[in-house]
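Sharing a structure, written as structure tokens. Questions coming.
Chain lettering (A, B, C and D) follows the sequence in which the chains are written, and residue indices restart at 1 in each chain.
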Amino acid sequence: MFPRGFASDNNSGVHPAILKAIEEVNNGHTIAYGDDPVTQKAIDRFKQIFGVDIEVFFVFIGSAANVLGLKALTQPHNAIICAETAHINVDECGAPERFTGCKLLSIATTNGKLTVNGIKKHMHGFGFQHHSQPKVISISQVSELGTVYSVDEIRTLADYAHAHGMYLHMDGARLANAAVSLGIGFRAFTRDAGVDVLSFGGTKNGMMYGEAIVFFNQQLAHDFMYTRKQGLQLASKMRYISAQFLAYLQDGQWDSTAKHANTMAQLLAKKVSVIQGVTITQPVQANAVFAIIPREIIPKLQEMYFFYVWDEDRSEVRWMTSWDTSTDDIEKFFALLSELMAGR
Amino acid sequence: MFPRGFASDNNSGVHPAILKAIEEVNNGHTIAYGDDPVTQKAIDRFKQIFGVDIEVFFVFIGSAANVLGLKALTQPHNAIICAETAHINVDECGAPERFTGCKLLSIATTNGKLTVNGIKKHMHGFGFQHHSQPKVISISQVSELGTVYSVDEIRTLADYAHAHGMYLHMDGARLANAAVSLGIGFRAFTRDAGVDVLSFGGTKNGMMYGEAIVFFNQQLAHDFMYTRKQGLQLASKMRYISAQFLAYLQDGQWDSTAKHANTMAQLLAKKVSVIQGVTITQPVQANAVFAIIPREIIPKLQEMYFFYVWDEDRSEVRWMTSWDTSTDDIEKFFALLSELMAGR
Amino acid sequence: MFPRGFASDNNSGVHPAILKAIEEVNNGHTIAYGDDPVTQKAIDRFKQIFGVDIEVFFVFIGSAANVLGLKALTQPHNAIICAETAHINVDECGAPERFTGCKLLSIATTNGKLTVNGIKKHMHGFGFQHHSQPKVISISQVSELGTVYSVDEIRTLADYAHAHGMYLHMDGARLANAAVSLGIGFRAFTRDAGVDVLSFGGTKNGMMYGEAIVFFNQQLAHDFMYTRKQGLQLASKMRYISAQFLAYLQDGQWDSTAKHANTMAQLLAKKVSVIQGVTITQPVQANAVFAIIPREIIPKLQEMYFFYVWDEDRSEVRWMTSWDTSTDDIEKFFALLSELMAGR
Amino acid sequence: MFPRGFASDNNSGVHPAILKAIEEVNNGHTIAYGDDPVTQKAIDRFKQIFGVDIEVFFVFIGSAANVLGLKALTQPHNAIICAETAHINVDECGAPERFTGCKLLSIATTNGKLTVNGIKKHMHGFGFQHHSQPKVISISQVSELGTVYSVDEIRTLADYAHAHGMYLHMDGARLANAAVSLGIGFRAFTRDAGVDVLSFGGTKNGMMYGEAIVFFNQQLAHDFMYTRKQGLQLASKMRYISAQFLAYLQDGQWDSTAKHANTMAQLLAKKVSVIQGVTITQPVQANAVFAIIPREIIPKLQEMYFFYVWDEDRSEVRWMTSWDTSTDDIEKFFALLSELMAGR
């Protein structure tokens, strides 16, 4: 039995309902590579949520959903604008550049969220042949700093992108946490807010593996099946991804787990924020808590709980809650942190 | 409940022992991306089999194992020699070329197996700057035509490759079927026969997903963790791949399933070969049966059983058996085929 | 003073008229990267020849013209069909694969020319996601074996390509030699015969450097200026390429030099073919002579004249004539060859 | 006759001595692709300057010298650190990313020059598989802001790079202007200061085309001839690049032209700096003058002289002098600017 911590929501396991769904499709033979009835049902489920005129492709991981989705939006001479903290910018080992051939243009932000004003720095050189042509604005919802874009913020970016002949891409590795945070359905803050291509995450909210690329503009998905295959993301035994998504998208599943994780983050933040010397640094809008704590406390706390130091210089740490975080986990963590802080 | 057929061994499901192993590691939190104890144990198991001085990396699919492994062996100005029928040549949508930048040089064969004589056609232009420099010979064991290289055949190719400053790469998507066919352990016909990098498959023999890239030359794996990440093949919840491999590599697991599949292919071949008008076209050495059958029979047979037509012109079909193929499946298939043939 | 030989038409120097044109534009400043009046005039000259509704881009070398032109026609999941002997297949060190991401599918030919029948081998797998999708047929006019496609042969390939949603690309490194051979203008056997994108060569017929990519379908050139720049083929001091093309395309220039080279090849072939033991192996339709000569003669002949052995096994050599080859050069070469043959 | 302006040193023509050298090698045949005696002599000349244990490769343009040189230093999972203003970052349309697969990490600077302190921002994540691994520091000498690194500044960066297992790359598009500015030979501030790979420019200082990639570590050039070919930068008629370099590197040639250009920049700066309302913004250390001038003056001045607006927001412009700029050019430009400023 592994202990639970606050390192990342992908350190958690698989939700029992997801595992059960996997077991249920594990019988007999079915055609490989996605032409099976389970996959068809899973795609239909996405269409119920987002509208029938979409295209959906399953891949293995979020980085692949991002990179292949961005490939569908760009030519190699394009540039992709993103936050300096964006997963595509700092956590994918250059895969976006390598697979798309594009340049990434990053923007420093205070809260992980892009704004039109921030983007303007890179909005020049259009039509100048020496210059990588900006073509995509990519945002993460939830952002890497645990903040959530409002529908209006997204729509403003989408309108701005479209007015400049560009696309809006959304990295939704924690899309369910955002939906719960906003209190609205997936469609309202993605397709209806102007997003063109969405990475729809599942792994961080209780799935084993599997993410979806959702194209709200079907034209952009033209030939995408080849891109997925050439991008090494076509599963042979696809039914096991599809079954997970079917279970995940069932009423009560994704939202209850995401709601739980968000609630746990609120609880964690509430509790630790009362400790003298602990400063919460970002609004807690989803399942992440960013905090500055005394430098000497960190290694002691990490003896019991693995988590990431976000910013060495500021002594800022990141604690993630998960679908399986318990109030007891938080109580114990709080107790240890309190004790360590008191013992300084 | 899906019916069982003979389309491909990846149309079959997941072996119960594999699924059980997944369930057993599904508890609590563990560090993501492979730094967990389950993954360490799985890697250790590979080292027990192949020797401690190897490097092992898990990826999602066989195409990725091939492409990333080949990347580790080449620079973009190199060429990779393979059979015309090789998976890397015809079934990966150009991913090898795209990800490695290399040229693929293919060789027509009668049985899917390369020989030194066949390769010589492409062994020229060394040191000539206009010419993609041959650097890798890639073979598939089991070959795409269901044939199996002997240890001597492999060693001959390996020696030839090494004598020319080249590497021998093995696509082992069906490595267990080959081991059973040869009646020897994995190491004897891979590392000990001179293979440099091996794609070690699991999915086609009862796993859900997950393949391994095994480097017998540790130097070649230098920096490979970045290649895997940039190649979009680093699983976050790695423990679920690792647990599958642990179960798969347990005594009695991989060999019993592979042996069963091979035996079923023998049975299938034996039965259908007595039907007038059915001609077996390749030696049945693993779990594939290639046969020429009358053209008009194919669509009728496909109404009940999905399978691939291998060569339209010759009216040649491919039937694959699997770890879960039953003698009853074969009896029924044989009965239908007999009936259709009789009814012509 | 360098001696003249028969190794390649790119071993020859620059025609005086071309050099004079360079000198004439060498005064004062003009805007870089192609926005200058000399370049505008050169582009206009191309439009006079091929029609106003084309797009023309200058690059440095023929390989670049081919590779960037092919990039404009393809996505990375496509395949490009060409002759086994095609320059793009054997003489560009894998640049086509690397820059386009595509697979090259080669066809063995007897004379360097593709036919619809020959191509059919690779015309399958359309719509099958595992398969690189054929998108371009690429031919070389003159072919690498010195043969010339007739207008009808080109039109047949173009119609076939277009009927399958594909493009016809022409590598015209020796386009002038083909025009002279056919006795018609450039347009008749390129645009009017159905070619979509043309590599228009100059270097092999008396220019110093510089080739043109001509798009007969302007849509295909959309964004191509960025492709050229990203492909490292945008000259800063463009006027010096443009001036060469202006001189080259003047009446009497390109055709007189190409005609001379072709005539010299005829003369060479006529003379050596009477020597007992010398067998001309390809029709001499442009400026190349392919011949089988006794193996032991080759090194002796190469002591005086550098040239390429085309096929070691057949003892087949290639002799190229050039715009500056003299009858005297041929007489001397013939005399030496005769003497060596007599002395066996 | 084209007028002379201050847009860029690549708007100027070819120096007569260079053109003469081209004419002198324009006779007879010589082997193509660099195996000719002229090229050998040119390479030897580089070895006289930099030491015999170097490798030199000629390419067509500066962007290619940069991109291919960086390719030789990196694997696709690496990152390249450069100034935000670096040519590789803003003027090569993403070619570095596309051809190397690497991520570019840019640093804001005040004067176009990197410092160790500035670089530190990106010196983290070593050994972390999610992170593009920093491998190269790339500097431009002269920088894109007309400033020149001292030998000590270069050595400090080189030592820092090497201490971290990284390389120092130098974009020397205007290397001669830097040498003249520093008053020392090429070797002292490149090889001897710790540079590993150098883009040695010629075009901006009076050549027609042609740049050199100089490897001070021969190991790094291993296989580079294939990289150049696959990178579409191998000239067939190489002798015309080599002849230019031979003339360029003759005593008195490169330095007199560079010295002249630098002197003209000093003169220009001195004159315009006395005009009320004109502010020189960068030290004038080579052949560039950066100045803030009133916004409304710019279009009027551009009616007569084309030049680039460097920073719209600041109303900052860039004026470049060239090897052929005359004092008369400067007088006239100064007169017009004075008049326009007076007329506000």
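We take it that a residue touches a chain if its C-beta (ideal position, glycine included) is under 8 Å from a C-beta of that chain, and two chains touch if they have at least 3 such contacts.
All values reported here derive from a predicted model rather than from experimental measurement.
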Each chain counted as touching chain B and chain D at once: A, C
Farthest chain relative to chain A (centres taken as mean CA coordinates): C
Chain C and chain D: spacing of chain centres that average the CA atoms, whole Å: 33
Chain B and chain C, separation of their C-alpha mean positions in angstrom: 42
Centre-of-Cα separation between chain C and chain A, whole angstrom: 50
Contacts with 2+ other chains: residues of chain B: 76-77, 92-94, 98, 101, 129-130, 226, 229-230, 234
Chain B contact footprint on chain A (complex, rising order): 1-5, 7-8, 10-14, 19, 22-23, 25-32, 60-64, 67, 92-95, 98-99, 203-204, 208-209, 226, 229-237, 240, 306, 322, 324
Chain B contact footprint on chain C (complex, rising order): 76-79, 90-94, 97-98, 101-104, 125, 129-132, 312
Footprint of chain B on chain D - complex, ascending: 33, 75-77, 101, 129-130, 133, 223, 225-230, 234
